[in-house]
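Taking it in order: structure first as structure tokens, then the write-up.
Chains: A, B, C, D, E and F, in written order; residue numbering restarts at 1 for each.
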Amino acid sequence: MRPSQRAADELRPVTIERNVARYAEGSCLIKFGSTHVLCTASLEDKPPAWLRGQGRGWVTAEYAMLPRATHTRTRRESTTGKQSGRTQEIQRLIGRSLRAVTNLQALGERQITLDCDVLQADGGTRTASITGAWVALHDCLKWMHGRSIIKEFPLRDHVAAISCGVSNGEAVLDLDYAEDSAAETDANFVLTGAGSLVEVQATAEAAVFTETQLNSMLTLARGGVSKLIELQKCAVA
Amino acid sequence: MRPSQRAADELRPVTIERNVARYAEGSCLIKFGSTHVLCTASLEDKPPAWLRGQGRGWVTAEYAMLPRATHTRTRRESTTGKQSGRTQEIQRLIGRSLRAVTNLQALGERQITLDCDVLQADGGTRTASITGAWVALHDCLKWMHGRSIIKEFPLRDHVAAISCGVSNGEAVLDLDYAEDSAAETDANFVLTGAGSLVEVQATAEAAVFTETQLNSMLTLARGGVSKLIELQKCAVA
Amino acid sequence: MRPSQRAADELRPVTIERNVARYAEGSCLIKFGSTHVLCTASLEDKPPAWLRGQGRGWVTAEYAMLPRATHTRTRRESTTGKQSGRTQEIQRLIGRSLRAVTNLQALGERQITLDCDVLQADGGTRTASITGAWVALHDCLKWMHGRSIIKEFPLRDHVAAISCGVSNGEAVLDLDYAEDSAAETDANFVLTGAGSLVEVQATAEAAVFTETQLNSMLTLARGGVSKLIELQKCAVA
Amino acid sequence: MRPSQRAADELRPVTIERNVARYAEGSCLIKFGSTHVLCTASLEDKPPAWLRGQGRGWVTAEYAMLPRATHTRTRRESTTGKQSGRTQEIQRLIGRSLRAVTNLQALGERQITLDCDVLQADGGTRTASITGAWVALHDCLKWMHGRSIIKEFPLRDHVAAISCGVSNGEAVLDLDYAEDSAAETDANFVLTGAGSLVEVQATAEAAVFTETQLNSMLTLARGGVSKLIELQKCAVA
Amino acid sequence: MRPSQRAADELRPVTIERNVARYAEGSCLIKFGSTHVLCTASLEDKPPAWLRGQGRGWVTAEYAMLPRATHTRTRRESTTGKQSGRTQEIQRLIGRSLRAVTNLQALGERQITLDCDVLQADGGTRTASITGAWVALHDCLKWMHGRSIIKEFPLRDHVAAISCGVSNGEAVLDLDYAEDSAAETDANFVLTGAGSLVEVQATAEAAVFTETQLNSMLTLARGGVSKLIELQKCAVA
Amino acid sequence: MRPSQRAADELRPVTIERNVARYAEGSCLIKFGSTHVLCTASLEDKPPAWLRGQGRGWVTAEYAMLPRATHTRTRRESTTGKQSGRTQEIQRLIGRSLRAVTNLQALGERQITLDCDVLQADGGTRTASITGAWVALHDCLKWMHGRSIIKEFPLRDHVAAISCGVSNGEAVLDLDYAEDSAAETDANFVLTGAGSLVEVQATAEAAVFTETQLNSMLTLARGGVSKLIELQKCAVA
């Protein structure tokens, strides 16, 4: 039995609340159980410097945790003077995931920044961020489309993400912090609405893993992402 | 008439929601109209290095805004590599204000950090932060007292803060962003429950000001802080 | 009786020596007793980047202390890698104070930087800096006017500053370091030649303060600033 | 046909030269074609601060590229003032991979740092680094064992890594820079001598990928890693 | 004829004023013509961390220029976030020069920091700094000796420094900024009272130089340093 | 007898291997005994910002050591966040030395960066760097000349460098780390093929030195540099 009494293939309660930030072009507050992430999309009228003059836009992401999102207070990155390696890994992953379903030509010479700020952290913050950031991006693009800033709608598909792990030798879905800390293997899967893979990251923590376990986790992830994409569809309907 | 249709001595709607952060020893979400600040109190079992061995504790604060709390996106301080002068001024002010009503001897050799993270900014973020941080601090101290970590309750009084300004020649209370941007003078007042002054900061923006205007603002601030302290009392009752 | 044997409304001996820096467009060495600040004004032919193309100029300030200006050596900010919060607060205050009496349109698209470097610190360094920086700014503008760089003289009025405090329950003027360290309340007042207020900053240190004490300090500050402005007039005559 | 004329499952020529650094406790120069990485192992007599007193050691890694390892010169990270997100991702991966096959208890309260410095970069620098770092770590542990610093030999197994990709729809092994730049999907696999998985990272670059493609890449990786581990065995024999 | 109308072997007017900093254990203001450097010595009761427990002390130096010491304003190093290469070279040179004549055993486990702050710069700031820092160090050691903090006086000899150059093919002494900017070769010599060499730094600027020119400069430097040491003797008499 | 059994005027075995970096426009691996430095020359099509529009180019250098080039591991400068004072001194010296023999007009508005990365350090890394960087620069300029990027060949002469020291009272050439650590005086000499001096740096370490010793070291350096320039000639022949 899992610590949270959930079945191996059972997500935590997931909710998506849209339009939570007054000034952002798109936003949502996404909750995976006690993990709460505020996602905002900010439109800028020019692309990053290295992309100017190429007729394309860019989608990027930044990720951070509030100092007391966690069990014990984490030092603020503005006082350490730099973003940690973990922060940079996560925000690069969020950006890649969203770009995989965005037509950057259709976006034109603009940039959209997805800010994913973790208000409360109980495991799975990066997968909640990707799933919520898609909603914020969607709403930002709708906002642009409604104002005729873009002609063609640049989103090609949904994208969502979920964590899996091997816990006591069994593959399980959507680990909370307690389960994640004790898991042998930790994995994150990013998939599209069409079921294609965007990113697979599987890491041996306490023990190495087998191809069978990788495939079991992937199967669980497919099921979980399907449900998340249903929730995205309801949210933006 | 003020842009917000409020009377000169009228606060925006203020709400305080406690216990919003699962892991913090004390927390609240305070709203002054569209200004929303998440305040958490984090207890650490040792004082800062420079205070060790003196039998006293410390109360400090950190302040930040989410990148899209504002009309246009603000760059994240973790990517600029340092906190701005404005951020440092504000967090020093919050810390001083709370220490003015805290018995640091009674706290013992411990540190409490108040994190004030602005989720949405429409003027008055520093005064909302002070007012909300008092609630988070109060709840943290209650938490400690309930566990017999401290014997004597270290809070001597309430403390709350409000902004005033001179707008079109008239003193007004609790400016929102639109009014603040156009005001001739900008001031912040921090007062205790007993009506004593903790901090006065008045700055000529578009025009210098008179002693009469300073006193008019102080009178408005007294009224505003009285109401804020009533709200604090209701919140922690 | 005050530690310095001065009356409550008595300034320390104040002197202003002009033209102390060979290369600067304006400069002075100002002394408030044992507090010595070297103020220079440097003209730059273009405004800061964010102000370009608006037909206006800018006046800004930087503040620093030599490492051994103080009783014990202070670490150099170039080796800590950043300016402290205190330094940033002070230099922002100096800049605001001078801009309050400067016609930035008349200055044209240029920037003047006031560098206030404390050679020796015995309390009141920020108020000495403001008072001296006005002289350096005046001389820089005269230099520009003499060379027909500007047509209209941009200074509208004098500006000067003085500290006050509540010490043993009594309001006193121009605190030195020994008195400042022990004072209950610490305040800084910036006023113009016409007697208008530019900035009021009052902070409870050891004890909160009353409106009466605030007004007593303001009365002392008016008297002190009048004398400082007389000294500025003599200096630039 | 691949740009390099290799078969889909064909590695570039791989060589491992040991004892290339006079002062290091273990070292090798590993070449995957034109990708050359110098790996050194440095023993330190105490673990990192956060691990003290727990009776265990630590294995960590740092990764860097010489400025002109690449086609055009890359700015040195010591002059930008920080390590890039990419650098941090890679060195965290190298460290995790080696720890997965190391008995940290048997290492005792010590730290071994694997420095992987890329002298020349033609794709696959992170997988060459992992494969070479294992050799340097092995030799460092042998050095320690030979001096009776440790009783039990802490290495449990080999570990090696290889990149795969989907190029023109086909899974291919060990991409060089030209092929990697044009590939639709990019993946890195870290496996042990026993064939267990340590890390899987697969990323959609130009196009999303399928589960079938993921499995094809994994099959190629197994073959490649087998050969690399044979080379490690020859090198340390 | 030199731009300053001086003979090839003629120093600028040099003055040394002691006891210019109220709080420092030793201090002087040294002027080489229009080059003015404020030198202070600060005693700290413990040596740097890397020297603890060895029974010896340390003498170190820091160097900086005020922003408007120069013809055009130089950016403050606290705002660039680091000391320039030039600053570090100079302060390392000052420290080495003073340590060459100090008995670090006799100093005991303490550190003396010489701060050399250039108030005005007209060439030769590093040589003025060394020459003045010796006086500040001397006075600090006298202060310690007078209080019986040390038994043996740790200064073994005088040390002073002067710049030379090759200008229009001729060796000249003590270049000011105008002459230095146009010189073919620039050199700095540090010598003791006994005439021994402590440091020689000669650099081809506009043209390479010959051994004869090096020796001519050294001869000039000997003469110049003799006079500087006479001035040091007068100053501390 | 010297620790290395060499005569006072005897170089360590020196070798220069060209074309060691696949992508650089010029490169060599230079060895002075166990000191190994990889030198690359990188051409950039524009000069540094401060030189634009003046019709001239620039030659600059960067220097670094791999972490385990040394007996004990040195912390990587990218993790400390800045280059040390020593690093900056050395790279400034390398750049000045090469510019002394380069016609920057003939180079045109371009920049060549010489990267000197020390793979293994046994004393004399800066002199090996200068000597090797000349070869890399030569080859880069030949590469440019061969492609008609430049018409006139900009190198005016050879330049090479060697260290000397006073060891047990005797002047010796080309010190290795063991000898350098114990020497009384440490010196570096940079000379041209024509025998002119480019840079002389002599520093008292354990003891001051005499003019006679300076001249003895210079004589040794002349002999050593002659041999190094012969080796440069062979290398590029």
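By definition in this document, contacts are C-beta pairs under 8 Å (C-beta built on N, C-alpha and C of every residue); 3 or more make two chains touch, one makes a residue touch a chain.
Per UniProt, the chains are A, B, C, D, E, F = Ribonuclease PH.
Quick caveat, the model's predicted, so the values are computed rather than measured.
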Contacts common to chain D (Ribonuclease PH) and chain E (Ribonuclease PH) (chain labels): F
Shared chain contacts [chain C (Ribonuclease PH) and chain E (Ribonuclease PH), defined touch]: none
Reference chain D (Ribonuclease PH); chain at largest CA-centroid distance: C
Same or different residue numbers at the chain A (Ribonuclease PH)/chain B (Ribonuclease PH) copy interface, by half rule: same
Where chain B (Ribonuclease PH) and chain D (Ribonuclease PH) are represented by their mean Cα positions, the distance between them in whole Å: 51
Between chain F (Ribonuclease PH) and chain B (Ribonuclease PH), distance of the C-alpha-averaged centres to the nearest whole Å: 59
Intercentroid distance (Cα basis), chain F (Ribonuclease PH) paired with chain E (Ribonuclease PH), Å: 28
Distance from the mean Cα position of chain F (Ribonuclease PH) to that of chain D (Ribonuclease PH), given in whole angstrom: 33
For chain E (Ribonuclease PH), residues contacting two or more additional chains: 81-83
Successive chains along the ring, chain A (Ribonuclease PH) then chain D (Ribonuclease PH) then the rest: A, D, F, E, C, B
Contacting residues of chain F (Ribonuclease PH) [partner chain E (Ribonuclease PH), same complex]: 82-85, 88-89, 91-92, 96, 100, 187, 192, 194, 196-204, 208-211, 214, 218
Contacting residues of chain C (Ribonuclease PH) [partner chain E (Ribonuclease PH), same complex]: 21-24, 27, 34, 38, 40, 42, 44, 62, 64, 66-73, 76-83, 87, 113, 115, 117, 119-120, 122
